[in-house]
Structure formats: C-alpha cells, structure tokens
Amino acid sequence: MEDIEHIQKEMKLIDGKGRRLDGRKPDELRPVRIEAGVLRRADGSAYMEWGGNKVLAAVYGPREAHPRHLQDPARALVQCRYNMAPFSVTDRKRPGPDRRSVEISKVISEAFSSVVFKEQFPRTSVDIFIEVLQADAGTRCAGLTAASVALADAGVPMRDLVASCASGKIDGVVCLDLNKDEDNFGDADCPMAVIPRTGEIVLLQMDGHLTYDEFQKAMSLSLGAAQRLYELQRDALRRRYAVTLQDILKESPPAPMVAGPAESEPELPAEDDFGSEGI
Amino acid sequence: MEDIEHIQKEMKLIDGKGRRLDGRKPDELRPVRIEAGVLRRADGSAYMEWGGNKVLAAVYGPREAHPRHLQDPARALVQCRYNMAPFSVTDRKRPGPDRRSVEISKVISEAFSSVVFKEQFPRTSVDIFIEVLQADAGTRCAGLTAASVALADAGVPMRDLVASCASGKIDGVVCLDLNKDEDNFGDADCPMAVIPRTGEIVLLQMDGHLTYDEFQKAMSLSLGAAQRLYELQRDALRRRYAVTLQDILKESPPAPMVAGPAESEPELPAEDDFGSEGI
Amino acid sequence: MEDIEHIQKEMKLIDGKGRRLDGRKPDELRPVRIEAGVLRRADGSAYMEWGGNKVLAAVYGPREAHPRHLQDPARALVQCRYNMAPFSVTDRKRPGPDRRSVEISKVISEAFSSVVFKEQFPRTSVDIFIEVLQADAGTRCAGLTAASVALADAGVPMRDLVASCASGKIDGVVCLDLNKDEDNFGDADCPMAVIPRTGEIVLLQMDGHLTYDEFQKAMSLSLGAAQRLYELQRDALRRRYAVTLQDILKESPPAPMVAGPAESEPELPAEDDFGSEGI
Amino acid sequence: MSDEIVSELMRAHVYRLASSGQRVDGRGLDDPRKIVIERSFVKTAEGSARVKLGNTDILVGIKMSVGEPYPDTPNTGVLSTSVELIPMASPTFEAGPPRPDAIELARVVDRGIRESKMVNMEKLCITPKEKVWIMFIDIHVLDYDGNLFDACSYGATAAIASTVVPAKAAGLGDDFPLPIDHWPVSVTTAKIKDLLLVDPGLNEERMADARLTVTTDESGDIRAMQKGLSGTFTYDEVKRIIETAQRVGREIRPLLQAS
Amino acid sequence: MSDEIVSELMRAHVYRLASSGQRVDGRGLDDPRKIVIERSFVKTAEGSARVKLGNTDILVGIKMSVGEPYPDTPNTGVLSTSVELIPMASPTFEAGPPRPDAIELARVVDRGIRESKMVNMEKLCITPKEKVWIMFIDIHVLDYDGNLFDACSYGATAAIASTVVPAKAAGLGDDFPLPIDHWPVSVTTAKIKDLLLVDPGLNEERMADARLTVTTDESGDIRAMQKGLSGTFTYDEVKRIIETAQRVGREIRPLLQAS
Amino acid sequence: MSDEIVSELMRAHVYRLASSGQRVDGRGLDDPRKIVIERSFVKTAEGSARVKLGNTDILVGIKMSVGEPYPDTPNTGVLSTSVELIPMASPTFEAGPPRPDAIELARVVDRGIRESKMVNMEKLCITPKEKVWIMFIDIHVLDYDGNLFDACSYGATAAIASTVVPAKAAGLGDDFPLPIDHWPVSVTTAKIKDLLLVDPGLNEERMADARLTVTTDESGDIRAMQKGLSGTFTYDEVKRIIETAQRVGREIRPLLQAS
C-alpha cells in the first residue's frame, strides 16, 4: 500500500531528455506484430502483439443470426464480444463479462458497423470475437485493429480496414499509445479508431483532462499511427495469402474431407473494397 | 478442526478381521430397498433406500421437448436432472445445481441414452428427475438404479434396465459400495453402471489411485453387485404391477375424473425389452 | 443497536389522548395527492403522494404479449411489476427485484385481473409498472391505488377503479393506514384492496396478531378509506381530462409528427365502466 | 383448445356436485383431505417431516447453523424459509430459480410461522449482536395434487416440532428441542363461483376463482392471511372463511402436535 | 415494414427542416431543450434531483454509506454509478439486468463526474486504507424522450450538489455537503447525414447516424467523450462538436450550480 | 438433413479406413496427434502454457493468490480449475455461463491433477487453518478440433510445471516453483462401432459412439477415468483402452516434463 501511494505521487513518466519509461519518444508506437489466419475453425482470424498486449481476434459469418427474433430483415448484425482471459491481468479477473467489457464490446460493434456492407447479408450476423490474452493498456485498440484483419481474412465485404490507436497525456505531455503504467498514472487517455483511407472516425472515447489544443495534438498523433497500423494490417494479409499459395504449391494435402477455411469463402471482397492498393 | 485432522490420519476403515466400520465384508452391499410407482403426478417413479441414502426418481415422457429449438427431429432427448435437497447433507447445500450436480446429470443422461429406444419418439424428451433426500455416498449409483425402475414404471421402451454400483479402495483393500466415511477417507472410488444382461458399461468414472489389478478387482465386484441390484429392480416392478392388479380387483374406485398413471401408459414395453425373464 | 432495542421496547405509538405519533386519530388517513397523466411515453400514468410515500404508476397496453409463448389466445394478461428505487428506503436497496417485490407484483397483478375486461383483448398484455420513489409503509396500497388511475388514464376497459388501504394494530389499538414507524413497531398489518362501488375484495393479506373482532374493525376502517380514495382517484381523472380539454382550446400545438397519448387511445372505456358518476 | 373444453365440463360437474354439498372425492365442502405425517424422515437434517395431504406429498428438512443476527434484531435467531417446486412434482414445474409461485408460497408459510411466534426466536440468540442460531426451513414438493399452502405449512410445523438444536457439536452446551410457544394452523379455502371449498384438490384449485389462506393460532386468533387468484371475495365470504379456518384449525392442530 | 417507411419519411422531413436550421419542436440546431431541475425530491436519499430535459424525465438519488476503499486508492472515497432503464419509461425498455445501453450510459455519466474530479473524493476518506464514504449514484429513468446521456448527467450533477453526508448518524462528526471542486457539463450532439443537432429528441435520436457526447469543465477543457452509433464523424465535425459543447456547457452550468 | 447425410457418408468412410488400421490424417489407431507446447506464453500469469494437439489450440494460465483453506482441509492449498469454451473456438460454442460440457471438462482435468497428487498441496499451506495459496487454473480453448480432454490436461500440466509462486511479492519469503510429485497423463479413446481410436480429431469425435478418458501416472497406475457419450463399452474394451493409455502416456510424459 505504502508503495503504491509512493509510486502514485512520485512516479516520473517522462525523463529529462523527453523519453518515456520504456525509452520511447512521445510520438512513438510500441512494437507491433500482426499475423492473419491463425485459427482453423473461425472463418477469419488474426493474432496481434502490441507492446505487452497479446490479442487474438476471430470472425464467424455472415451466418444466420441467433436467436431468430434478433434478425434484421434488411441487413446483417455486426456483433463484437471483447473478453479478457482471467490470467491476462495482474489480479486474476473472474471469467465472464464485466461492465467494462460490455461497454467496449458495444463501441467496437458500432465501429465495425460503419464499414461492413451489412445490406448485402440480411438476417445474418457477423460475429467478431476479441480475446485479450495478456494486457498492457490499449487492448481495445489492439483488439479492433486485429479484428479488422480477421474480418478481411474471413472475406467479409467492407468499405475498408479500420485501424485504432490511443493517445493520452502523461506528465503534462501529449503522448501516443500509452502503456499500462502510463495509463494508470497519466492524466488522460483518448482511444480512437478510423478508416485510414478516408480519415472517418468510427470510435472515439476520452477520459481525463485535455485542453482543446491538447486534444488536437492527441488526435493528430493517433491519426498518424493509424496510417502506420494500416500498413502493418495489409502486410499481414499479404503474408497470409502468399503463404496459402505456397502451401498449395508445396504440399498437396491428403484428400481433405471437410472444406477448409479457404474453400468456405465464396464472398471474397472485391479488391477495391480494400482500396486500390489491393491486398 | 483438530478432530478432523486426527480422524483423517488415524481412522482405521477396516478392522483386524477384515470387517468394515459398519460391519460389512469387502464385497458386501449395504441394505437396499426399492419401491416402484410411489408418485401420483409423474408418469413413472421409484423410491430407493440404499444404506443411508434415500433417493426418489421420477420420469415424465416421452413428451414434447421444450424449448422447441432443442427438439431432435430424428429421436427423443433423454435428459436427467440430478439434484440434492438442501437438507440431504450434513452442511446445508444451497438450493439449485452446483457443478458436481451438473456433471452427474450429464453422465446419467448419457447412460440412459444408451438404452432408451429414442428413435421411436422423435421431437420428444424423456425427462428423468433424481432427488437425493438423504445422502450417504453412492448417490449417483442409487439415483441411476432407481431412475431405471422409474423409466420402466413410466412404460418408456428400452433395451433393458440399467444397474449401478461403485467400488473403491479403503485402507489399501478393494471394497464394494463405499459409504460416506469410506468415501471421504478412502483411496479411490469408481462408480459404474451396466446393462446387467449384456455386461455393457454405460457409465464409468474413477478418481483416486488404483493399480490396474485393483481396478479389475473393483470392476468385478461392481459387476456382481449390478446383477443383485437387477434382481431387486425387477422385484420392485413385479410388486408394483401385482399391487395394481390387486387394487383393480379389490377396491373398485369411485369413478375417477382424471386418467391415473395406469391408463396413461399406452406404450407399455414389449416384454422382451426387459429380457426374457419379463417383469 | 442499543438505541434500536430501546426504541423497540419503549416506543409509545399512541399518546394519552389517543393520538398517533404524527398527530392522527386511529381512523385518520395520511394526506393523499393523486395526479393523472404525468408521463409522456406510457399509455397511461399517475403520480401519488401518500404521507411520506411517493409512487409513480404507468400502464402500457393492451399490446402484443412478449414472449409469444406467454400469449393467452382467450384473453389479455394483466401483469404488474412493483419496484422500489434504490434510494427510496433508508438503507440503499440493491437494484432489481427481491422476493418481497416479486410477491407484491403477483398479488397486485391478480387484483387487477379481477377488474380488467381481459376477454376483449386476446393475445395481448396489459403491463402495469409501479415505481416506489420514496417509501413510508403502505407502498403496495399506494401503488395499487395509483396504478388504477393509470389504467383509466390509458383507457383500459375495466369494471371499475380499485382502491386500497391497509389497517393494522399499534399499541393494541386498531388503526388505519400505518406509517413506517407504526408498521415497524406495531402488532399487525392488513393491506387490502376493493372495488369501492361493489365492496368486492381483490387483495387481502395480513400478518401479525388480530383477534377476529379486531380484524373486523380493521376491515371496516379500510373499507371506509377505500371510499375516500375512490373520490380522490376520480378527482384526479376529472382534472386530467379537464386540463387536456383546456390544452386543446388554448394552445393549438405545432403539427405533431407522432400521435400523442391522447390520439393513441381508441378504446376509451364506456362511461358506465367507471360507475354512473362518470369521469 | 380441447383442454379448455374438458375443463369447462369438469368445472360444471364439480360445481353441480358442490352445490349439493359434495365433492368429487367424496368429501364435504368443509372437510380437508386425509393428513399423514412422518416425522424425522431425514437423518441428515436437524428436523424433518414428510406430509401427505391427500396425494400432495411434501418433505421439509430443517438445518440449524450458527451465524450473525440481523442488525435490527440483535437478540433473536434468524429464520429462512424456501420452497423448491422441483419438476419431479408436476409437469408444470420447471427447473431454475424460484418463480413467483414458489416465492409467494415460501413467504406465506414463513409468515404463518414467524407472525404466530411459533418458535421463541429470542431463545435462539447465543450472544446478542454477534451469534445466533439460523434456522433454514427447506421445503421440497415431491408430488403436487393441490393446496401446497397448507401442505407446506403442516410440513414446516411438524418438522419444527421434531427439531433438535445441535448445540453440543457447536460447543454450545447440550442439544435442545426448538422452543415452541404457539401452534399455528393454515387453512386454505377455494372459491368456485359462489361456493367455498376447504383444502382444494388439484382439479378444484385449477378451476377456482379465488383462494384465501388463513392461519389461526390455538386461541383462534388470526396470524396471517393471503388471498390469491384473480377472483374476488365479498366481505361476508371472508368472514365465513375465517370462521371455518378457526374450526378446521382446531381439528388439525393435534395432528401437528403429536410426536 | 410500415414502421420503416414512416421512419424514412420522417427522416426526410427532419433533415429538410434541419437543412434550413430548424427543428420539429422549433429549436435551432445548437439549442438544447428546456431544462427543469427539482432538487431534494426524495427525502430518503442523502441527495436527489429530478431533471426534465424536454419531456425526458429522470430521477437521481444519492446514498452515502461507510465502507472500505479499493486497495489501489486507499485515500479516496468510492463512487458507484448505475442507471436503471425501467420499463415504465419506454415501450422498448425491458425489466431485467442492465443491458449494454444502460451500462454504457452509467459508465459515461460516471466518467464525466469522476474524470472531471467534480467531487473531491479524497475528502471522503475517513481512515486511510480502512474506512471511506461510498457514494451510490442511482439513476432512474422515468420517461424517455431522447438524449439520456445529458439528462442523466445533469441529474447526477444536481443531485451531488444537493447531497449532505450523514456523518452525524454514523458517529463521524457533523454532517457536511459533498465537497465540490468542478462543474462538468455534458453536451450530446447527433449527426443526421451531414447535419449536427445538439440535444437530440427521441425522433432525432432514432434516425441519427452517429452521436458524440462531450463533457467540458468550467475552463472549457475536455473531461470525457463518447462516440456512439454506427455512423462516422470527420475530424472537422468532431472539432465543431467540441466547440459547441464548450459554448452550450457555459450556458447550462449556472442551472446546475443553482440550489 | 443434408448434414446428417454427409455425416453418415463420412462415418462410413472413417470406419472403413479405420477397419484397415488407418485414419483420415494418416495416423494409426493408437497414435495421438502432434503435440506442440509453448511454455510461459503469458507474462501476466504465474505460469502458462499454450498447447496445440493437432489443430486443437488451448491456452492455460495459472494465477496464485493467498486465501483461506477449506475447513475440512486446513493444511492444504486450494485448487480451482475452470474451462471457458469461448465462441471464438467453434461455431457451436456460445457465450454465457459454463454449460455442462465445459463443467465436465474442467472437473475431469481437475480430478486428473488433484487425484494424482501431481502438486504437493500441503506445501502450499502458509499458516494452517488460516492462510494458504490458492491456485487458479484457467483454461481458454482457442481453436477446437477435437479431444479437449487431453489438450486441456496437457496444457494444465505444462502450465503447472512452469509456475513460480510469487511469495516475495506477498511478503512470504522467496519465490519458488510449484512442488511437483507426480506426472499424470490423460489419454482419451473414442469408440466408433467396434473400433477404438486414440486422441480423436473433431470429425472422429463427432461420429463417436462412446469416449473414455484414462489418466495414468508414471507407475502406470490409474488416477482418474471418465466415460462419455451415449454408447457403451464392453469390459474387454475398457481393459484394452487402459493398456493403451498406459503405453501412450509413457510416450507423452517426457514432452510435458521438458521445460
């Protein structure tokens, strides 16, 4: 207890040279690694490491929505379930959704509702599952960024990928991508998600204390980071589909009885859904 | 507390003459009493006393399965709910299913799924309810054995009755049918259930520590006990239907307004469903 | 603690002159105020202050009953939900229904089932919501009396209004309409509800200790109070509909886009449903 | 649909019979069904009773444990009553948390015992404000053939009368029977049209318009009442029901007191 | 189906009006509805306020009780905010545990108060690590006519400002008002196609593409934000919304501060 | 319907292959799939392991915390095992409280560890009757391709072997690895008609008549068994399955012990 109070009051989050505790500059992202197509059963999936975060995302659908009375005759439901594994945080979290998870699931569902071509799949649901396996602040942004890759991997038609990164304020300085200590002892946190190609904002939350100027600084950092994440997302998808091709050429698998994920994707998105850069 | 530790360490479960605390020999069953047809509303029922266990079983069905989306268009569902009354154990048990009850309900459901002619009753459920009123170890075996009689009493067509008895190890000796103290302070417990006529095993669980030889000894004790229980089950059914016949002859009841259980059993099993010995 | 025990033993609830702690005579009601039509969204509503009680009642329906399997093909369901706000009592009440609320909801539902013309609206439900905002004993009677006005305000056809008032015994004296201290430290409480015009009893509960004579005294006090409440209920409805008329004459509202509650009441009760006195 | 028709025919038949003072099972309108009580049925409980009221069959177990008193009653034991309408007892009962029916039933049985001061709860105080006996009355309905209010109440009363408080095992002196001061008896009457029938069986209960449960003590005083169902009573009917409850209660009380 | 058509017609009508700077109820695009605040409505609560924002009607009660602090904040009181969307308030609300809508609402209102440091929570510490005041903000939505985010926030703020901590009854010295440091004001803007409307009414809310709630303090600084619905905002729109929230917040703040 | 037909064709195919000792993925009947274990995958846990058994992919995290022992085992630590069948892992898994499948799975894995006395739980006692280490084994199923019983058991075993008890942070001396006495190995066999297949893949599991999980220790002794599904076993089949489990267990054990 004494220690915590002590830390809370004395903790310097930025040193004399403007470096953060983990050595980053204010506008620097933590290391990010994305891998697409990591699960067998899901229609699409992605794994992401982002600083100390380890996040897995999976997508099922479009599939018949259950229970039936939830079906929308005009469009698909886009539903996200964000969940933290009990062991993903320092003090064990009891299994099952808490209020925080429910809220995050809701705002992520709404964010993806902006980009999925829902009208093409009436009465269905597109189900997005995000599992936080190891948490180090910024899990909703990591989950959203990974889930976007999983959606593409599942072949769900959408306007574009979504990328997400928070900015915040620590020791009075606006910084990109806070880690856990910075989030706990900082002054503000502002997660957002955008469609990088158009700059449209699909998720925006904030708590803490930011002047209007600081907010604009934070937004410009996050918008820049989103562009970099967008590149990493597309790299992951390129690697994924390249590997699949290699697989097909190299090892002719022994007569599969069940259609694998590749065969079960009849609705592969038209290329321009992901921008002229393609996948 | 002191007492418990003391008991745990010192408790001799088998005396110098090879007798157990309640005077039984290693291969001896506790006293068993079964009565069929003890409830009015259920389609079939049975009451069983087995050592210090008092167990009631009831069967409803085949009846329309609820909720509808659970219905199987090809066969009946066989569903068991095993439940302990709050007062059936030393420390009051909170009402409602705990994890242990859920698991026992599942394995008993599967055991009866082996013998009920499910294909004859598509879209229906056969609902088996087991209530432990007083518990003294071996309640799942008692419940299963009683429920088997209740299924026959309800006229549910099945391949044969099922009988169930555990064996275990106490003080290093393989023994039949452990009671509560033996279960608490013993080395292993192995509940099983069979179709006595064919020897097919429909339920098998084990925990503790048994060598392969000890396991075979335990199984042979349980298989023998199942044959004895099978006799008691058939006796109970014979008495039940004999009494019904006597009732009809002796007391002509005053014009019943509602069909009693006897009239509501159109699908009485063909005799050979219970083996050539009949009921 | 000491204080509570002290109060419990010594508390004089009636003084030498036969007056109660709040100055009332044994047969005196607390001040009552009823206002009809206080909510915009509900089909009918009423607000009631009764001594220290503040209660809001709202009615929706007849509307399609949900979920469907609850629908009665022959009549409407009359369903009440009685709920206490967390801040309505001295010690904060956790949100959601407790066992007491469930029981009260049930007996109030049954009470209104006696008077609503259910057969006119098969497959529908008439949903009554009672919210206790501030509690001072007698909340079920207040809720019932207010809900009756809300039903009339919603235009639900019914035989008559229902009025409700408890009597009880304090310091050995039968008294009308106990307040919180009297209820806590008194000897008996007997809530009832009647159709004032016919004297039919639609709700009756009692706990405590009453001789048969005392019970009859209590009933005659409550029956008398119900007549007075009936007048107040009808006054509230008269004021409500007078005001509506004035509204229509005075301020011609700017082209409403959505049908207001007034327009959405096609099944206004025939006058004699409320007695020849009309509304 | 066909259920509805049968029920209308049945209702007409039951009503016609009852108009001439008779009932389908041969009873008079004011006669309860046969009551059979088996005490101490469950050895794992501190008290228990199995009660058959006609074919309605219920089992009550009482467990005593040591715990804290409620802050506003620091000198009295705690009473907790629950009823499980297990699906074994009727095709209309479902597994799951208690529904309004079961909750009402438990609360009415509880009030009958609590408000009659049947058990002297102050004698269940061990250390004021700190330690008291908690008394769990758990009611298991095994076979439902009507009138659970009375069957459960008789079961609870008989089980209480058979309960021995396990003080010794808790290191609190000698075991002792629960201290009983009063003997409440619950009597339930159903109304079908204009007729009143004591202790309704399942079919009578199904077709009843209204129901009134009255609990009286050995002085004939009223300790608890509960009206149910969507029909109404006239005040005269309520008075007749109370008088019947007093009379029938006097007949039943000795059965509950016997041990 | 017919609902859908009506809604499309309505949407067209609302949009056409708004394009010329008008709204169905006569307001301008940046004008909130009339706010009526009744403080200390509930005597059983330590603080309360009933707020009408147009026809949206909510009641907030605040209860204070003594309890333990969280281990990681041993020197500060505890704040707990919950919203009940009771079925009385709308045909679309259902009884039962809080759904995502109610949870989001409660958490956004809570953050507005918590992150603005409106209440000095350190002054609600009684004994560090052991005893603090717990502050329950319970929000009851009585009549739902749009924009619960702002209505609930105003209700919570006004109720906090009316709260007296019952220290005396707890044997902890004299009663005192909650120590207030800041005055956050929440302003919600809805986006319909390319138009931004402050304080959306029910129909506007139903047809909105996106929603942004911005809480600013008396310095105009941002304390909390929450975007909702499945539409998007451009960065320029976000900036305009924040500027509007600062200006409207300044107008509303005196209403909340008045007592 | 078409599902049923495909499944019958598949079943015939799998059975025909297996009759000649072959399996769809090329294994022999007694061969488990490839096992890949990644230890210490999660830094926020005191121990963890990710296990792939073929394409079945599970992650186990172990958290240690200080708490009270159960009254009847005052000298031993507490073990709590739970399995979440998260909807990510299969289109047939649903969110919500654990269903019977997940509960059975957790209890069987738990018994394998508990009854084999793998961890010396007495060494997890800190102060008898007062303070012990509580060990939470949380199993997250990420990708479901059959035979969760063995995959989860291997994951739990490997995670236990990688766990360091954080005694220092709790002020209880030096950190130490969990004290391991035994190495249980679970081997599950599926029965399709008259054939027995070790470590069934998803399709084999779907068409199996019965399932038997046998956990043996390093002496080949039996520590836990669980039969599942609605088919039956002959006694001879049970004996063959146990013998296979002993042999396969010996092959797998070194994989789990490696660190």
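Note that the chains are named A, B, C, D, E and F in the order they appear, and that numbering of residues resets to 1 at the start of each chain.
We adopt the following convention: a contact is a pair of C-beta atoms (placed from the backbone, for glycine too) under 8 Å apart; a residue touches a chain by one contact, two chains touch by 3 or more.
Owing to the predicted nature of the structure, the values given are computational and were not obtained by experimental measurement.
Chains that count as touching both chain B and chain D, per the definition above, do not exist in this structure. Common neighbours of chain A and chain C, listed by label, are E.
Repeating the B-D interface, with the same residue numbers in over half of the contact pairs, is the pair A-F out of A-E, B-F or A-F. Chain centres were defined as the mean of their Cα atoms; on that basis the chain farthest from chain E turns out to be B.
Here the spacing of chain B and chain C, counted between their Cα centres, is 52 Å. Averaged Cα coordinates give chain D a centre that lies 49 Å from the centre of chain E. A ring topology is adopted by the chain contact network, closed into one cycle in which each chain touches exactly two others. Around the closed ring of chain contacts, the path that opens at chain B and continues to chain D reads B, D, C, E, A, F.
Those residues of chain C lying in contact with chain D across their complex are 1, 4-5, 74, 78, 99-100, 102-103, 105-107, 110, 113-114, 190, 195, 199-212, 215-216, 219, 223. For chain F in complex with chain A, the residues that touch the partner chain are 10, 13, 24-26, 41-45, 48, 55, 57, 59, 61-63, 65, 82, 84, 86-91, 95, 97, 136, 138, 140, 142-145, 203.
On the chain D side of its complex with chain C, the touching residues are 4, 71-72, 74-75, 100-101, 103-104, 106-107, 111, 114-116, 129, 212, 219-235, 238-239, 242-243, 246. Remark: chain C residues 39-42, 52, 54, 56, 58, 60, 63, 81, 83, 85-92, 95-97, 127, 129, 131, 133-135, 254, 257-258 touch chain E in the complex.
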